[in-house]
Structure formats: structure tokens, C-alpha cells
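Just below sit the structures, each encoded as C-alpha cells.
Both complexes shown next keep subunit A, but they swap its partner, so subunit B is in the first and subunit C is in the second.
Entry: the complex of A and B
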């Protein structure tokens, strides 16, 4: 009986495990191996160069600049999305009627492709000519058209990047928070009311937020990882046929050009990918320890 | 009717095998069937009718069945990645090939294809496809870029067509109003499209004939600084819905002057009639000269293709022998200059008006990006240009960094060349 169950286990899990190994772990290990070789225009390791690719990448201003840019982006987008999606969840949770409708409306953008949303933002809302949506609104108030994605001073392109990401992902995190909110025992709120706690900020601070701690930790971790992996909207908003501007260049875009673009330096690109993976791992682990992920109150 | 788990598994496995077989039979590649099958890739052209034209040429070839793939998106990146695999194209057009692709053995030597006709190909575009005396891509057409200006807008503003960079900066400022900007160099302010053009306009080069950095000179910084003046003076159109390659902004009256390609000329002529003229990028400084960039997509054969000889034969047939198709491809959709000198000479569509000016600019002032200008050098230079134009970075210090990077790249490719020769 046990052998039979094991057989069925492998029948169902085997193909997926094989796919995971073949398409994820083998390329991953191959890429790590490649990072120690000179591999121009080839995925076959040829000339061993040791740590040269790593030192070259860490001395490359463009790559280090992209990492720096992304630390700033992460530091902004994570709290912004957290606050925005939590506010949405609190709002939808309080709605008495048509809650499912509002939940769906706010969640719907999560189903939209990042590429499509980026193009809508770029071509229709935030293009730089006078008939773009944002510039039309500015015009009503007497403002001159703004080239949102083309000027660096002030850096309006961040407004475009941040709003498209907020629009796309806030709904998803709102659903996570809603699930968390619905698991809070109403008795706690009733007890607080009896004790004289005023509804609003006090209740949010002393009951809702502590009760949402587990959800918050998961949300923040996911947000940090997603922020470092940002690619689609940056690439589609800012690239053109000739390349990508050096400002607001995410590490993944830079690695794409280095390894997969015409540069075709797969050894250097692999070293960059390993460095980026290590940065994400260190930030995530550090953050998990800081947020005491996986510990209960009893663990101290 | 119920189905046992075993029967369900068997049915699933059968369906899977069927699906795999169906996928495998539609690869567009040869092997096993009668006759050779070749896969040919093109990037997506903006001009209507081009796709149908290349499909017609492929269908007219009888020695092999040629499947045309029209590939939108990041074409250069797609081909670069595909050349690493066996499932890429047999024949493909390429904005190169790059030096790394040639040195990496990714493309096939096509020198023999040009036996007896090599002199008929324009050297400006054949030279960047030649390495160590061997030809690695057959130029299809010549593309060039130039400055379009709206005659009526210049006349109304009392501005003469600019013949120096200073005059261009001045004209762009005078032509800018609340509704119309003076000049459109692309949504990035010109950093991407201009490339080495301003350096050539200053009398310099990207890479010298003896393979050294060609712009380690104070005049380079001075000229690039003037591009910053255009940007800082708010004379540039930025954030247009269509970028520089598309003439929409110029036709719609969003800008009085636009940098674009010869391919856009028929569309502009159709919309504006005679109310436009063309100019080369104006020269700057004592050694300055007017300049226009020229380039050519070329037909190349992948070294990993299964039917290399058949692919070479097809390339020879289409891009060397069938001059009627070459002429049609160059002139029937957008305007391009035929890569064959004999065809260019008899092209009646290029004999009058702005088209004739464009051909003259190409002959008198054309420059092509040298083969030694690698993608890494290009990225470093373009990043610096972007920082100079958009962020007001110091041209001198930015160029110092670029010179260092480009020197290192030139050393690298020379080292590869020497290693290959000695082995």
C-alpha cells in the first residue's frame, strides 16, 4: 500500500519536479558556474577567470548605480503600497453594501499585465504633449505641459513609475489584508469599546495592526522581493529602440542588456545576477529577523 | 460512463504526445521532409506592405521552402539570443553583425557571395560588415537620418535653415512657442538617436582608422555641451506619443524641425506637400562639417543553422542576384537608398527634391558606425550623453570616463583578434 502511494506521489509530483529542476535549478547552477568564466556570445564556459566578473561588476558604476536606485525605490514603494493597500482594505471592510463589488473593482488591476498598464500610462496618461490626459488636466488649471518621462529635474518619471505599480499591485495586497481583517475576532473591538477606546486611530493602533502582524510581515516581504525584481514597467516606460536611460535603470534591465542584449557577455551578466540574488537574500533575511518572522510571542 | 484512473492517464499521455508532435511539426525548419526548409527573420518595418513584399520574395524562391518570420519588439536582442541556440533563424537581417558575433563564430562568412559584384555595393555600408577582409553580412538597403524642417514655420519666424550647430540652437529657440516646439530629437532629447553624429559634426570620429578612440579631444565636450543648451533652453519637444523614427510629431505640427530617417519622407511628402526641406546635422567649430549617419540592415546566415549552404544560396539569390526585388524593397514602401550603386543611380524616386538632397548628403557627408564600436562602448557613450543632455553633467568629465571605457573595449576586441590569429 505504501509503495503504491509512493508511486502515485511520483506520478503526480515527478513531472513538475523534473520541470522545476530542468528549467529552474539547472539554469541557475549553470549561471553560477558561468559567472566564473569568460563567456562572450556563448553559454558554454570557456576560459576560467575566477572572480574577475564579480570585481568588474562591482566596479561598474552603471550596475552599482542601478542597485542604489533600487534601494531608494524599495524604500519608497514598500511603505507606500503597504499604507495604500491597508487603507483600501480597511475601507472595503467597513462597507456594508456591495462589498464584493468594491473588492472586485480594486482587485481588477492586479489581473492587468504590467506591460499593458505601462503602455497605457506612457502613451495616454503621461505622454508629454498637450493632449495627454495628465497634461490636459494641468491645462485646465493653467499649467504648461510636462514631459513626464523625459525630464530628470524634477524627476517626474518616478511619479509615473510609482503610480502604475501602486495601481497594479495595491488590489492584490488589499485582498491579503482583507483576509487578515476578517480573521480578527469582533469580541476584541467590543471589549475595546467597553473599555472606552475611541474608534479610529486608537483601535487601529492597539487592536487592528497588532492582529494583522503576521499578514503585514508576509506583505512586506513580498513587496521587498517584488521591488527588487521590478523590470516590466521600468523597461516599457523608459526604454526605446536605442536603449535605456541611465537614471531609474533597475538592475534587471541592466543585466538584460549586459547578458541578453547585443553585449552578450553572459559571464558578466551571470555574476551580476548572483550579486543581485545575494542582495535580495541578505535584505530579505535581515528583514525577516528584524520582524521576528516565524517566532511566536512565547519564543521571546 | 465512468473512466478508470489508468484509462484517464493513458488518454492524457496520448493527448500529450499528440500535442508535442503537433508542436514539433510546425517549427518552420527542415529535416526529414522533402526539400530544404529555411527560416528567415526580419525586424518589424513601419512601412505598410513591406511584410507582404518579403513574403512574396520568399515564395518566389524554389530551391527551398522559406518561412518568413516578422518579429516585432526588441529585434536585435531577439536575434542575439537566438544565435546561441539551434532553434534560431537560418537567414536573418541584422543591424550588423556585431564584432562579437563575428569573433564568436555566430555568423557565416559570405565573402564568396559577392564575387564579381563587390564593387557595386556602397562601401560606406559594406565596410562595417567586413572584418579581416571577409564579408559577414550582405547590405540590403542604406538607411540614413537627417533633419526635416517645416519651411512655412521657419519663414514665419524669420529663421533661415541652420547650417551650423549654433544656428540650430538659435533656430530651435526662436521656433518654440506655447503650442509648437522648435526641434524633436527623440523623447530622450537626442541621447539615443544622435549617437556619434555630433562628434562627426565636430570633425571627430568614434574610432579612428587605426583602431584608437577618435574623440579624445576638447572639441567633443564643447559640441556635446551645445546639445545640453537645446534641452535646457526648452526648445526640444519631449514626451511625444511616437518617437523620432516616426514623423507623426512633425506632421501633426508639434515641432518645427525633426530628426528622422529617409524612410519617413514619403509620408511627410504626402501630408505636407512641398512645405518641408531636409538638412544634414550641421557642423560645429573650426574643423566641423555637416554630417549624416548611414547604416544598413544586412542579410546574415546563422552559423548554427542546419542548412548553411542552402541559406547562403538563398541570400545570394535574394540580395545579390534579384536586383528587381532589391529595388522594390528599397523604394516601393518607405524610401531607402538601394545598397547597390547601380540601382541607386537609376532610382527615379530619388532623383528630385528632398529625396535627391538626402542621397547627396549620404554621398557627401555620410558616416557609418565602425565595426569596432562595440555594444559596451555604445552603452557607455549613450549613458554619458544622456547625463550631459538631461542632467547637465559636465561633458569633460563624462567624456573622460567614456574614453577610458572605450579604450578598454578596443583593447579587448584586439586581444580576441590576436588570440584567434595565433591559434
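Entry: the complex of A and C
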């Protein structure tokens, strides 16, 4: 009986587990192996170089700079999206009429790709010449046109990068917060009202936020993981026929050009991917510990 | 006094919501406006909210332009999105059911092995995955674009959580009637679990249609371009025909907006369920 169950378990789980092993575990291990070789343009290298690729990457100012870019980006986008999507959820949750309409409008950008959004931002809103919407609006107030994506001092490109992502993902997190808000027992609010707590900041701080704790943990984790994967909007906003400018270059963009650009340096690219994967694993696990994710997500 | 304050607060909230929803809709408006404008209207220094004339002919011009394989890339995206959706749901739902319902000594170890891959975002493994796919000879093929993306730990996780909370009575009755795991799954569980299939399916479909990095890496020949790669190649090239570019972007968003409007209820349910807690 037990053996038959084991057999059926593998009938159900086997195909998925095998596919996951082949297309996730094998590439990971292969990547680790490649990172110790000099692998230009080849996936079966013969020249073992030990840790050379790693030291080269860690000494490479551009790569280390890309990690710094990522940190700056995360430091902006995670709190900004968190606060903005929570505010949207609180407002939509309490509006009386047309709640479904507002929810749909804020969620709608989720149907847009980063490529399309970057196109609208780059070619229509934040176009550096006179016909861009942002410069037109600036003009109404007597401002001079700004070359949003190409000047680095002040770094206006961050405004473009952060707003495009906010527009695309705030609605998604708003839905998560709305779901969390629905689960809060109304009795808690009634009790607070009886105790004389005025609706507003006090109730938000002492009831709503603590009750949203599990949702908040999930939201912050997802935001950080997504920020680590940033590629699409950076690539489409900033690269052109001449390549990618040296600023605002997140790690994935840098790895893309290193591994698949002209040099096809797969060994170096793999070393970078391993470093990045380690950083992500450490940050994610550390953050989960810090937020005590294990407590709410005990073995279901 | 208090009443007036509450009412003022409510009014302020509604005004704020209306302003924000206008801001959220403007990019969609710009997309359509530019897609139906002439090149001159788009680049005119005197920016106007409405274009001088609506040019529906832009759509035909886009499909007639031989330098851009746009129809082909639309077809590729459609094939990839449908195949990815079907191909993700099947193994992930089977695995989710097995993990949730079939008692097995090492089930937890297998589950953590699957969950652990969520720690390594797929985007980080694109270099080794590219290496693997190229050694299989799958570069610039639909196989190479589809198969490696099918095994989604996220989908498996959502199915497992859903089946854990699935009422057991029906399955027990089926077992009493002598149905094994396999027939119980197909005859009883799948029909009862349609909401989660629809929810995960739409999320996977949206993700497949909108994904960019993997198709960019694998789809090197024009014949294997997806819509996103085709659009991106316009924006990063020197010679851009802006009105064609924008009408192409509209064409790439339309199918998704349709899916979105038809399945919104499921998508919202699915997103809520993906909230991990």
C-alpha cells in the first residue's frame, strides 16, 4: 500500500519535478561550473581558471556599480510602492460608489508590458525634446525643456524609471492589500470607536497596520525580489542603437551585455550570475528571518 | 462639526481618487492617440491633446511594412502564450495535488526543493539557461522559447495551497467508489477546481505575453521574435517611424486588455491567492 502511494506520488509530482530539475537546477549547477572556467563563446570550456572570474567581477567597477545601482533603486521603489499601493487600497476600500471602477483603473496597467510602458514614457511623456508631455506641461509654467533620460546631473532618469514601475505594479499590490483589508474583523474597528479612537491615523497605526502584517511581509518580499529582477524598463528606456549608457545600469543589464554581448564571455557572466544569486538568497532569507515569515507560513 | 469633517474627508478622498485614475489612464490615452496620429502630429512642437486627424490607415501601414515582421511576431506571441498557459497548468496542478493529497514519506523534502527555487529568480539563471538551450540547439525556436519556462514553482505552490483547503468529502466518496488517484483527479478534483485553474491560467498568460528578457535572449532571428522583442527593436533602433511604433504597441496591448476585461474576477482572485499568507 505504502509503495503504491509512493508510486502515485511520483506519477503526479514526477513530471513537474523533473522539468524543474532540468530547467532550473541543471542551469544553476552548470553556471557554477562555467564560472570557474575561461568560457568565451563556448559552453564546454577546457581552461580552468579557479576564482579568477569572481575576482575579476568583484574588481570590476561597472559590475560593483551595478549592484550599487540596484540598491539605490530598491531603496526608492520598495518604500514608494509600499506606501502608494497601501494608500490606494485604503482609499478604494472606503469609497462608497464606483469601487469596482477605481479598482479596475488602478489594476489595468498590470495588462501592460514593461516594453510598452517604457515606450510611452520614453517617446511620449518624458521625451527630451519639445514634443514630450512632461516638457509641454513644464512649458505652461514657464519651465525649460529637460532632457529627462540623458542628463546625469541632476539624475532625472530616476524619476522616469521609478514612475514607470510605480504605474505598472502599484495596482497589483493594491489588490493584495485590499484582500488583506477584507479579512480584518469589523469588530476591531467598532471596539476602537467605543474606546473613543478617532478614525484616521490612530486607527491606522494601532489596528489596520498590525492586522495587515502578514500581507505587508509578503508585499515587501515580492517587491524586493522584483526589484532585483529589474531589466525590462531599464533596457528599453535607456539603451539605443549605440548601446547602454554607463549610468543606471542594474546587474541584469550588465550581465546581459557581458554574457551575450559581443564578447560572449559566458564564464564571466556566470560568475556574475552566481554572485547575484547569492546576494539575492542572502537578502531574501535574511529579510524573511527579520520579518519572521516562518511564523505565519509554517508547514501548511 | 465632526460630521462636516468626516464629509470633507470623504469628498477629498473621492477627488483624489478621480485625479489619480485620470493620471493612471493618461498613458493608455497617449498610446492610442499617438497610434492614430501622423508622424508630424506626434512630433509637433505644439503639443495638442487631440491629434489633427485620426489615421486608421496606420494599422494597415504597419502590417504592410516589409521591414518589420510584425504579423509574424503577433502570431509567435499568441502561440507562445497559449502553449505556455496550457503547458504550465498541467504539470503544476498535478504536482500541487500530489504534494497536497498523496501521503509520501519524503513529500516535504520534495516540496522544499521546489519552493527553494523561488529564492533564485528565473532572471538570474538566464545565462546558464541560455547555455543549456543553446546546447540543445533550441535557439530561435518556439520550443526554446516555451519549454524552459513551463515549470513554475509559483504555480505549483498556488495549486498545493488551494488543494490543501479543498473539501475532502468528494474525493473520499470517489475513493470509496473505487476510483484511484488518477481518475479521482480528472473526474472530481479538476472540475471542482476550475476557479484556481482560471486564476493561475490568466496570470501565466499575462506573464507569457508580456515577458521580455527570455524572448530577447532566445529569439535571435527575426522569425522567432515575440511582439515585445519586435517593439523593443523599434525603440532602440535609429530609424523610428513613431506612428507605426505606437500603433504596434496598441496592437500588442489589445489582446491582453480583452483577456483582462473578460477574466478580471479570476485575475483578482488569483492575485489575492498568490499573497503567500
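As a convention for this text, the second predicted complex is superposed on the first by the 277 of 300 C-alpha atoms of A that agree within 3 Å, B and C clash if a C-alpha of one lies under 4 Å from a C-alpha of the other, contacts with A are read in each partner's own complex, and residues count from 1 in each chain.
Here is the rule we use: contacts are C-beta pairs under 8 Å (C-beta built on N, C-alpha and C of every residue); 3 or more make two chains touch, one makes a residue touch a chain.
All figures in this text were calculated on a predicted structure; none of them were measured in a lab.
S.K.: Is A:179 contacted by the first partner subunit B, the second partner subunit C, both or neither?
M.R.: second
S.K.: Tell me the contact category for A:111 with respect to subunit B and subunit C: first, second, both or neither.
M.R.: In the superposed model, A:111 contacts subunit C only, not subunit B.
S.K.: For A:241, select first, second, both or neither according to whether it touches subunit B, subunit C, the two together, or no partner.
M.R.: It touches subunit B and subunit C both.
S.K.: Is A:41 contacted by the first partner subunit B, the second partner subunit C, both or neither?
M.R.: Touch partner of A:41: subunit B, not subunit C.
S.K.: Touching A:55, do we find subunit B (first), subunit C (second), both, or neither?
M.R.: Once the two structures are laid over each other on A, A:55 reaches no partner at all.
S.K.: Could you say whether A:167 touches subunit B, subunit C, both of them, or neither, answering first, second, both or neither?
M.R.: In the superposition, A:167 touches subunit C alone.
S.K.: Could you say whether A:123 touches subunit B, subunit C, both of them, or neither, answering first, second, both or neither?
M.R.: Both partners.
S.K.: Look at A:149 in the shared chain and tell me whether it touches subunit B only, subunit C only, both, or neither; answer first, second, both or neither.
M.R.: Only subunit B; A:149 stays clear of subunit C.
S.K.: Could you figure out whether subunit B or subunit C reaches more residues of subunit A?
M.R.: C
S.K.: Mind working out whether A:260 is in touch with subunit B, subunit C, both or neither, as first, second, both or neither?
M.R.: Touch status of A:260: both partners.
S.K.: Identify the overlap between the subunit B-contacting and the subunit C-contacting residues of subunit A.
M.R.: 11, 43, 123, 129-130, 132, 240-241, 256, 260
S.K.: Give the list of subunit B residues in touch with subunit A in this complex.
M.R.: Residues in contact with subunit A: 9, 76-77, 80-81, 83-84, 96, 98, 100-101, 103-104, 106, 178-179, 186-189, 191-193, 195, 237-241, 243, 245, 254, 374-376, 378-380, 382-383, 386-387, 390-392, 401, 416.
S.K.: So in the complex, the part of subunit A that touches subunit B is made up of which residues?
M.R.: Residues of subunit A touching subunit B: 11, 40-43, 61-62, 123, 126-130, 132, 144-153, 240-243, 245-247, 256-257, 260-265.
S.K.: For the complex, which residues does subunit C have touching subunit A?
M.R.: 6, 13-14, 16-17, 20-21, 24-28, 30-31, 34, 42-45, 47, 91-92, 94-95, 97-99, 102-105, 107-108, 110, 113-114, 117, 119-132, 134-135, 147-151, 153, 156, 160-161, 164, 180-182, 185, 206, 209-210, 212-213, 217, 228, 231-232, 235-238, 240, 242, 245-246, 249, 252-253, 256-257, 259-260, 264, 267-268, 271-272, 275-277
S.K.: Along subunit A, where are the residues that touch subunit C in the complex?
M.R.: Residues 5-6, 8-9, 11-13, 15-17, 19-20, 23-28, 30-31, 34, 43-44, 88, 91-92, 94-95, 101-125, 129-133, 136, 167, 171-172, 175-176, 178-180, 199, 214-215, 217-218, 221-222, 225, 228-229, 231-232, 235-236, 239-241, 252, 255-256, 259-260, 266, 269-270, 272-273, 276-277, 280-281, 284-285, 296-297, 299-300.
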